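Have a look at these structures, which come just after this line.
Below are two complexes that have chain A in common, paired first with chain B and then with chain C.
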Partner chain A sequence: MKDTTPPPAIITLDDVHKYYGDYHALRGISAEIRQGEFFSLLGPSGCGKTTLLRAIAGFEDISSGHIQLNGRNMEGVPPNKRPTNMVFQSYAIFPHLSVAQNVAFGLRRTSMSGDEKKRAVAEALEMVGLKDYGRRAAHALSGGQRQRVALARALILKPKVLLLDEPLSALDKKMREQMQVELIKLQREVGITFILVTHDQEEALVMSDRIAVMFEGEIAQLDDPELLYRRPNSRRVAEFIGMMNFLPADVISVSDGRAEVEVAGLGRAELDAAQCPGGAIVGAARIGLRPESLTILFEGQSPEGGRSAEGVVEEVVYYGDMTYYDVLIDGAPNKVSVSMRNMPGRRVLERGAPAHLAWDPRAMVLFS
Partner chain B sequence: MRGGGLKVYAILYLAFLYAPIVLLPLFAFNDGTVIAFPLQGFTLEWFAALLDTPALHEATLNSLIIAVSVAILATSLGLFAARAATRYKFPGKPGILGFIMLPLVLPEVIVAISLLAVLMQLGLDSGLWTIILGHSLLCMPFSIAILQGSFANMDQSLEEAAIDLGETPLSTFRLVTFPLVLPGIIASLLICFTISLDEFIIAFFLSGNEPTLPVYLWGQLRFPARLPVVMALGTILVTLSVLLLVVAEFFRRRGLKRAGLEDTGGFL
Partner chain C sequence: MGESHSGLRRALRSEAGKGLTIVSPPLVYSLLLLAAPLATIVLLSFWTQQFLTIDRTFTFANYEEALSDPLYRELMFRSLRISGMVTLVTVVTAFPIAYFISFRVAPNRKSLWLFLITIPFWTSYLIRVFLWRVILAYDGPVNGTLLGLGIIDEPLGFILYNANAVVVTLAHAFAPFAILPIFVSLERIDRSLLEAARDLGESHAMTFFRVTLPLAMPGVLAAALIVFIPTVGDYVTPRLVGGSGGTMIANMIYAQIFDLNNRPMGATLAVLAMGTVAVISIGLILLTRLWTGPKR
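Up next is the complex of A and B:
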């Protein structure tokens, strides 16, 4: 049987507040970051991700609260004495040094001999795929190469925690996707806790073991990617992670946390407690439904469980592997988005075509 | 043709600016005691005369001592000011910086007279050190302007990265900040040196009985027979100044290139 107890916390954030003058940038952040996990801080621009990361690294003093790192309170501990290393957004490669000198920079204060240092640098460079680049001038590297040098430079010190502030945002799409995969592999290899700051929800979903979604200096939800996507605890989180359809609904009755709802255009559904993250109260509410949990039925198909609805295709967006339809369901006040995988023998509907939809109440989330 | 008028204007302007300077070497090598055309022939006599004028040597030594001290003092102070200006926010920052940059636009005579008045009030003797202080005041704005550029061009996270990798603030300055702003420091040293070497008004007011080179030169103008010698000295000074400026600009540009940045202006 798999051991399900989570590994111990390497970082404990306890009611962390940060003020810049009057501006309340961090508003009571509490969280535990576990040993060896790939943790992401996800949120829109200005929500305080960088501030929190810099507070962990020691570059920002916090106004109140506690940060524990590896069992030690970090109050008053300067960045150079913390067991963290950082990959800066600009990479911060020293332009006057060679690649090898950059990577070896952190070893200056260690007791390693010259030979050991050389070996460590060679290993670190090989790890990030820059084996023969040691003698290059750092200012002559491409964006992706700088990023790798920054990684090697930070990892050579074997920190307890590696902090990455939007490390991929300066790269083009192809390079970014490649580096995402490499970063995941690297993290598994070295077993170091990674904390990644990003405003790209897809990046966070792809890379992380757990994600903290932040809005305005607060953590709105902290969960693993699947739960975050399947069971967002608020409309705001739901809208920030992926695409979510909302339909008005009436909560008819609530018992034992289970809610009986009447959804506009779809009909009756029974939701269990997990589907009501904010709780359920009788009265007007909204349900959320992901585009992929609605299905357009083609001739001869019938909905499993017999849940179906009729509507009209109002817009078609073709992506190659997928087609996104905007469908106005009879009896619903707003359009919903439906995504369908394009498969052999499955034709793409045209605008104005009638749509026969199947839906599944298990995919619904209730928001008050 | 459009732009033709502009071209003529530019040529006239340059002629007006540089023709007098071209006259300097012309008469410095001219074999005649009168500064007038036609030229008499080539001679090195005036340069030779420079060599056996002890008062001149003393003035030169004074000027060098002052210029070197000013370069070091103004650049060191400029280093602190420029760093503070680019890295920190503090109350009254624009006002304070404005005050530091003020000598750039203040008439030098006023600065000189005020300094003299202060010295006399304090009952202090003027001497080399008073000129050093006056010149430093004058050079600080230039030093700050150059160094501010160097600091602004430097990514702030470079210093943070060094600290993050275990260095102390002090060793970070030595290992990262200093090498990256070094070209700016050299440029500032050279420009301050040049400004101080050429400066007349403050030196004249504050020199007492220890003349600097420009003050000595001015004194020599009273003797028409010495004029060609003055021309010779002027030639040397101009050459030296231009040389120093070029070297300063070279270092400034090299600094930019090392940091991998675009050139956005400068003194040359």
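Up next is the complex of A and C:
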């Protein structure tokens, strides 16, 4: 059973603005980051996500607004006095120090004895899976190992918040996927709030408890991954996260937040308020449909609920486990993408083949 | 004939041949102008001067004399002391300048600043030394200013014609040679390392001592060697501003060869000076490698 009251906020951002000269990098960011959650700042490059992270760490002064960390206003507090630690994009491993010396770097100012420090370093290295690497020279490490050293070096100080600046972007795909899982496990283990900056929507969806999608210095949507994926509140968010088909639609009537729409090629559908995150106004609009919420019906199958449409397969992209079809639905102005799981005994359709499509109005989202 | 010609051409076109073609002009140059004179000097140091002729029997007599005579020893030690001082002063004053250019000057202005640093080189070394003689003179601007401000009652005599004057003049002359290698090593420091140190709880000052300085050490060492090696054998500055107290080993070598007509002795002192500098430099390099190398 999930506890319904969210844990208290560890970071409160209140109308945070940042200017670089004339350039308005952060435009009124307000959000609460909760204790112990895995929070992601997701957006294209230049959206301000790294600036926001660096402002939380104390490397950037903010032009106006407030950042509260663990109940304390962070104005004028330098990075070395903040209860945050950071894993840098380049990992920033000190090249003149050994692995153990890197990990122990921040312990100088603690009251630990030499033996306690040694033990803490050994524990931290074991936690990130680098048990016997302490004596190695830092420059002799691979990318994945550097990342682990950076993690150990930050976590050994038991920060309230761990900040991760695109930590996986320098790794190859396999290593990245492995580290994603390890990071999630690690975060659960230590219970520290993680804030991850990434431009990779898949990474954010996989790892986060909640995601703030940022565009041009503003948070466009802040939700958990599922809501973000199923109910994006704007076309921009919908396009940034996963793939989304758009079809022109006419809103015929609106009552109690429910909207009656006529979708080109598909026909009439009734959407509830949650499916209209931007609200609904009578007139021209667009509906969005994820590729997996459209289904091609093969012989003998019938659409559950009876909603179906006819079309022609225009393009076939085979991925092994999945096949993506571009289908032009009769009466629709543009193609839609349909993803189908490949199953034994089910053939892959060819270009030009007629397609019988089933669709579900519950999967639709209305955009103005 | 044609056969061997094409063979030669083929040899020249091979990788090794190409390399040889590229290095041969400087190789010939350095053989003729560096190795040959050096060999001559070494050879000469084992001969002896007999009034007007040179006795070409192999002997260590010059070395015995050079190592036992307290005058030569004193001059050698003084040269090392003065260049050591010059090195220290130059590196210590060059570091803040290099640091400023690397960390405080906007990236698009850095080359301008480096260019400005070379301005003193637009005038000849000799003129710069003479200028220092004017500046430090008994009735020069330094004494004049201090007198005018009432800080001193009579002109300071100890600022010219002694070892201090040599240190000041050489430190100024070699400043750019020290600034550049330190600047380069500072430029190569990944700035995120400094942020990481701050993030891990260190103040600006401790970040400097724990990260910036250790990582800049190769540049500091290079600067020290670049200043130390040529200043040990400097001849012009001690001659012009050194007085008797600032006379260095190179002045004695000059005196032996040109004034006392004892070229073998001059050669011996030159070889000894070179050997001393080589030993100290190698020692310094090894020491720094031990210190800044990757640690356990």
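One rule holds in what follows: the second predicted complex is superposed on the first by the 366 of 368 C-alpha atoms of A that agree within 3 Å, B and C clash if a C-alpha of one lies under 4 Å from a C-alpha of the other, contacts with A are read in each partner's own complex, and residues count from 1 in each chain.
Keep this in mind: a contact is a pair of C-beta atoms (placed from the backbone, for glycine too) under 8 Å apart; a residue touches a chain by one contact, two chains touch by 3 or more.
Computed from a prediction, not measured in an experiment: that's the story for all the values here.
Taken together through their common chain A, the two structures put chain B and chain C in a clash.
When the two structures are aligned on the shared chain, A:347 is found in touch with neither chain B nor chain C. By the touch criterion stated above, A:98 is placed in contact with chain C alone, chain B being left untouched. By the touch criterion defined above, A:57 reaches both chain B and chain C. With both structures placed on the common chain, the touch criterion links A:173 to neither chain B nor chain C. Taking chain A as the reference chain, the count of touched residues is higher for C when chain B and chain C are set side by side. By the document's definition of touching, of the two partners only chain C reaches A:135; chain B does not. In the superposition on chain A, the residues of chain A contacting both chain B and chain C are 57, 59, 78-80, 84-86, 88-90, 92, 94-96, 105-106, 108-109, 139, 153-154, 157. Looking at the complex, you find that chain A touches chain B at residues 57, 59, 78-80, 84-86, 88-90, 92, 94-96, 105-106, 108-109, 139, 153-154, 157. Interface of chain A with chain C (complex): residues 57, 59, 78-80, 84-86, 88-90, 92, 94-98, 101, 105-106, 108-109, 135, 137-140, 153-154, 157. Those residues of chain B lying in contact with chain A across their complex are 155, 157-158, 160-168, 175-176, 179-180, 258-260.
Residues of chain C touching chain A in their complex: 190, 192-193, 195-203, 206, 210-211, 214-215, 292, 294-296.
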